[in-house]
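What follows is a structure written as structure tokens; I'll ask about it next.
By letter and in written order, the chains are A, B and C; residue numbering begins at 1 in each of them.
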Amino acid sequence: MTYIKTAMVTALMGATALTAAAPAFAKDLRIALQSDADVLDPDQSRTFVGRIVYASLCDKLVDITPDLEIIPQLATGWETSEDGTEITMTLREGVVFHDGTPFNAEAVAANIERSQTLDESRRKSELSSITGTEVTGEYEIKLMLAGPDATLMAQLADRAGMMVSPTAAAAAGADFGLNPVCSGPFSFTERVAQDKIVLTKFDDYWNADAINFDSVTFLPIPDTTVRLANLQSGDIDMLERLAATDLAQAEADENIVVDRAVSLGYQGITFNINNGERGDNPWGNDKRLRQALSYAIDREALNQVVFEGAFAAGNQPFPSTSPWYNASLPVEGQDIEKAKALLAEAGFPDGIDLEVQVPNSTVPLAVMQVVQAMAGQAGINISLTSKEFATLLSDQSAGDYQASQIGWSGRIDPDGNNHQFATTDGGINDSKYSNPKMDELLNAARVGSTTEERKALYDEAIAIMLEDLNRLFLYHVTWIWAYNDSIKGFTPYPDGMIRLEGVTWEE
Amino acid sequence: MLRFLSRRVLIALPTIVLISIFVFALQKLLPGDPLLVMAGEERDPAVLEALREKYRLNDPIPVQYFAWIGNALQGDLGVSLRTGQPVTELMAEKLPVTIQLAVMSMIFALVIGIPAGILSAYKKGTVTDYVANVIALSGLSIPNFWLGIMLILLVSVKWQLLPASGYVPLSEDFWQSIRTMLMPSFVLGTALAATLMRHTRSSMLGVLSADYVRTARAKGLSERVVVLKHGLRNALTPIVTLTALLFGELVAGAVLTEQIFTIPGFGKLVVDAVFNRDYAVVQGIVLVTAVGFIFMNLVADALYFVLNPRLREQ
Amino acid sequence: MTDAATPSTITAATDPVLAAKPENRVWKKFRSHKSALFGGILVTFFVAIAVLAPILPIADPAATDWGAVRKAPSWDHWMGTDEIGRDVMARMIWGAQASLLAGVVSVGIALMLGVPLGIMAGYFGGWTDAVISRCTEALLAAPFLILAIALAAFLGPSLTNAMIAIGISATPIFIRLTRGQVINIKSEDYVESAHAIGLPTPRILTRYILPNVLPPILVQATLTIATAIIAEASLSFLGLGQQPPEPSWGSMLNTAKNFLNQAPWMAMWPGISIFLVVLGFNLLGDGLRDALDPREH
């Protein structure tokens, strides 16, 4: 004991002696992310945290407002031709990339070509409607489309619309991500994998006056408790994705401000309807069983128990805060009688088993154990298998599953939350769900010209979704940011990004 | 001795080949497709197939293996699928961190564990012995994450004495580097100290009752000399074995502790690589860890000879 | 060492192991060992709880109560409730089964594999040693995680599979410990003389080598129980061990990690229990060690 104590005391004394310099990060903003970003090339990258870094590193053609309206960023205006097959964009003048390359119509053309042709590009499907570009002036470009595409502007408000320096991209090829060169408010300085990504203020930024930090450092800190502790100790200034269960503690700290926004995505259970042999099971064959499970779940209680009510209970691919939500089909309460009746109708009056695979982290496991308990009341006996994500994903896409707890981070345009999951040939339709009416509606909504027209189509599609339930929706994540109260002017966005324009540091 | 060493080094080569084959074979055995995981939400089958071709993931495993070995011999361990960084660069970044953490933890473990073990054996059956044992075992049973988070909450948040997390290279700022590593190495060190303490105690007990120690006592040598010189030296075999093994384990990765203190070391790297099926990274790390284990075991074997004069005569 | 008909060339005087009548002495020493007795009581207590779980008057370990999520210990819930309103005490008691099994069986597997291999490597040396040692190094270097994921994919979730995986991964340390000890002992005079008089190798191994190898092995085995209990949780997380909602101490600790601030009791009970079980086994091990030590009186 004496040894341990002595060692501890010496360690601490040594520490005190060394605590001379605790620098104030007045101008370097330190932001903790939940995980490390992947490759820093907008055309190749796939992670959510990667997009957070891009919000400071790479400007896009257009941006969104917190209400999801498309607003100018590098494109100052755009016009769609009558037949919807051409979009003419006017570009911002006087913009340069971090390497000094000027931003102009040629640069946009090069970027779109890169996104469409680079072997490693993950943006191909997002830009598939663009058949060609035509530079019509130094700062004007025409995008030619195969047909009307209502989703395109929303794609250009995300990674597909991020502009990288054509010079740097041509020189680096697929290795561009090691030293990304964009035109955003901060330029890339350094990256140490799993440790930090450092960006430095770009003095020639077109909107440099709105940027009030000399540099921004992103630090991956996976453990939620530790992220909060780092904020409280002053080691970081801001964190994303505070755990809902830590909200009370963060709010009680007078030096910490908490902001939130309901996300664009959803969490739910995907059923295997027709994906290989395992799709041929009662749960895949009879939608009444899936409906029964849906009735058995008290979504509001789920939200209260696991997330202390901080998230949003959900029954549709969008949260009720979304303009696309079908308000005539609100989240219903638990109805055990109805669930039992449906089970009996489907031929299982004495209950039925269901095997659900779950990603192996605490939150999904807690969610599914609550669902398990609720389903049990209706006679649905759920068994859970916890799998690490790679296994879960490959089993799901190979059809080696009965049901899978999985979600979607969400897209600005409603198409992104639906088309690829619910149409017969959808790229991520792991259910292999197929309903001609659904295909028709979602395809029509893709090309619909007015918001009203599209809304009507989605309303109808959602009614069918809730009937067929190849995806059973449970809840919507709420992004929760916590930051030092010296940070002023931060705006929460439903896409979960951290936009630093106009954000200041006031001691 | 020299012959012994050179023979061992030669034998080590097949081990490494064996390990590398093993790791490659696992690539086929593990479920999950590296590109599917990498793709995350963007799973365009055509793009995935093109990438599979590009990274030669469709080649038969033996072909991939020989291509990898060929490159490895030229110092190229491939590129991380996830971040695009060369594996050698990634490891060059992490190795110093990991070694620093391992060495500092081992210092904590040895400085606490061995004296506590000797004292406990010497005072066997007394209150000191019991207390030392209880503390050692609690050091072993207290989960590292609990101790880690408690330390952060107390030392960093409440007292503001040490940084809560992060890493500063030794070359950049020596003292700051030591400071950031103090808590994590203490957390790791205490758990290892418990193991070392229990072993030291056990083998000291055996030695202290042995004839030659009694003889030494009878000759009137001071207790200090008896315990430390005659006792400890003969009790060291299991401790040497363990220290080598534990050090190897530390290099292989103290995942949870690294994660809690956000230290960019091997542990986190390998776990993320396995979960992401980033095989180039996994293979590189396993290779380096294997060399580490072989080296540490070699050191242990050499120390057996140093400690036991009779072995040397053979 | 219970073999009474020993070759007459070895007398009690030259054989430290046979210095006293073994059986009586061992048991007597063990019984008079108070701390070992205490250890025995601790272990028996937890084993009893694990065995009696089905008939004890406790709550259903899977029953949830939305109105009592993460409630501190009270009269209704003596050890509080967990993150989805289950009774922690019921889960502790049911979890004892999985955790004790994981701890004891996997250490048993590691011992059965590790000790014989270690003795062979150390005693015979040469190629035997080279092969065993190189394989050990290979096993040490391969990440446990990869092994676990592969096993999970092939064998599916079950406690038995988890115990096998933990047992195998714990084997190298026993091989190395045994081997080191054997190398050290085989040069002792009494082993060399036993060899010189032509005693068969198996007998030398069991009579002279094994008893001297035991102390560090006992210590390590009792310590590894703690590691194994905690490892079970990470395996169930990978889909190899117990699946939720079945409780185990390790998985309870794992969950508690996220609620150290809000619900410290969730980590406290499994933590204390693991400590007590490990303490119990260690004290037992100490008792056994002292009882078997031929030199100590």
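Heads up, the rule we're going with is that a contact is a pair of C-beta atoms (placed from the backbone, for glycine too) under 8 Å apart; a residue touches a chain by one contact, two chains touch by 3 or more.
Computed from a predicted model, the values in this text were never measured in an experiment.
Asks: Look at all chain centres (mean of CA atoms) and spot the one farthest from the centre of chain A.
Replies: Following the centroid criterion, the farthest chain would be C.
Asks: Please identify the chain lying most centrally, where each chain is represented by the average of its Cα atoms.
Replies: Minimum centroid-to-centroid distance belongs to B.
Asks: Chain A to chain C: how many Å between their CA centres?
Replies: 45
Asks: Rounded to the nearest whole Å, what is the centre-to-centre distance of chain A and chain B, using the mean of the C-alpha atoms as each centre?
Replies: Going by mean C-alpha positions, chain A sits 37 Å from chain B.
Asks: Measuring centre to centre with CA averages, how many angstrom lie between chain B and chain C?
Replies: One centre to the other, that is 21 Å.
Asks: Would you pick out the residues of chain B that each touch at least 2 other chains?
Replies: Within chain B, residues 30-31, 145, 149, 153 contact more than one other chain.
Asks: For chain C, what residues touch not just one other chain but two or more?
Replies: Where chain C meets two or more other chains at a single residue, that happens at 149, 153, 257, 260-261.
Asks: For chain A, what residues touch not just one other chain but two or more?
Replies: Correct list: 223, 225, 388, 391.
Asks: Please output the residues of chain B touching chain A within their complex, sorted ascending.
Replies: Chain B residues touching chain A: 30-33, 36-47, 50-51, 54, 80, 82-85, 90, 93-94, 108, 111-112, 115-116, 131-132, 135, 139, 145, 149, 152-153, 155-157, 160-167, 175-176, 178-179, 182, 186, 190, 193, 259-262, 264, 268-269, 272, 275-277.
Asks: Contact residues on chain C for chain B in the complex?
Replies: 35, 130, 133-135, 137-138, 140-143, 145-146, 149-150, 153-154, 172-173, 176-177, 179-181, 183-184, 187-188, 215-216, 218-220, 222-223, 226, 230, 253, 257, 260-261, 267, 271, 274-275, 278-279, 282, 286, 289-290, 293, 295-296
Asks: Please output the residues of chain A touching chain C within their complex, sorted ascending.
Replies: It comes out as residues 223-225, 243, 245-246, 248-249, 301, 304-306, 358, 360, 362, 365-366, 368-370, 372-373, 383-388, 391.
Asks: Flag every residue of chain A that touches chain B in the complex, lowest number first.
Replies: Residues in contact with chain B: 1, 3-4, 7-8, 11-12, 14-16, 18-19, 22, 36, 38-39, 41, 44, 46-47, 119-122, 124-125, 174-175, 177-178, 192-196, 219-223, 225-226, 229-230, 232-235, 388-391, 393-395, 397, 408-409, 427-428.
Asks: In the complex, go through chain B and note every residue touching chain C.
Replies: The contact residues of chain B facing chain C are 11-12, 14-15, 18-19, 22-23, 26, 29-31, 130, 133-134, 137-138, 140-143, 145-146, 149-150, 153, 194-195, 198-199, 202-203, 205-206, 209-211, 237-238, 240-242, 244-245, 248-249, 252-253, 270-271, 274, 282, 285-286, 289-290, 292-294, 297, 300, 304, 307-308, 310-311, 314.
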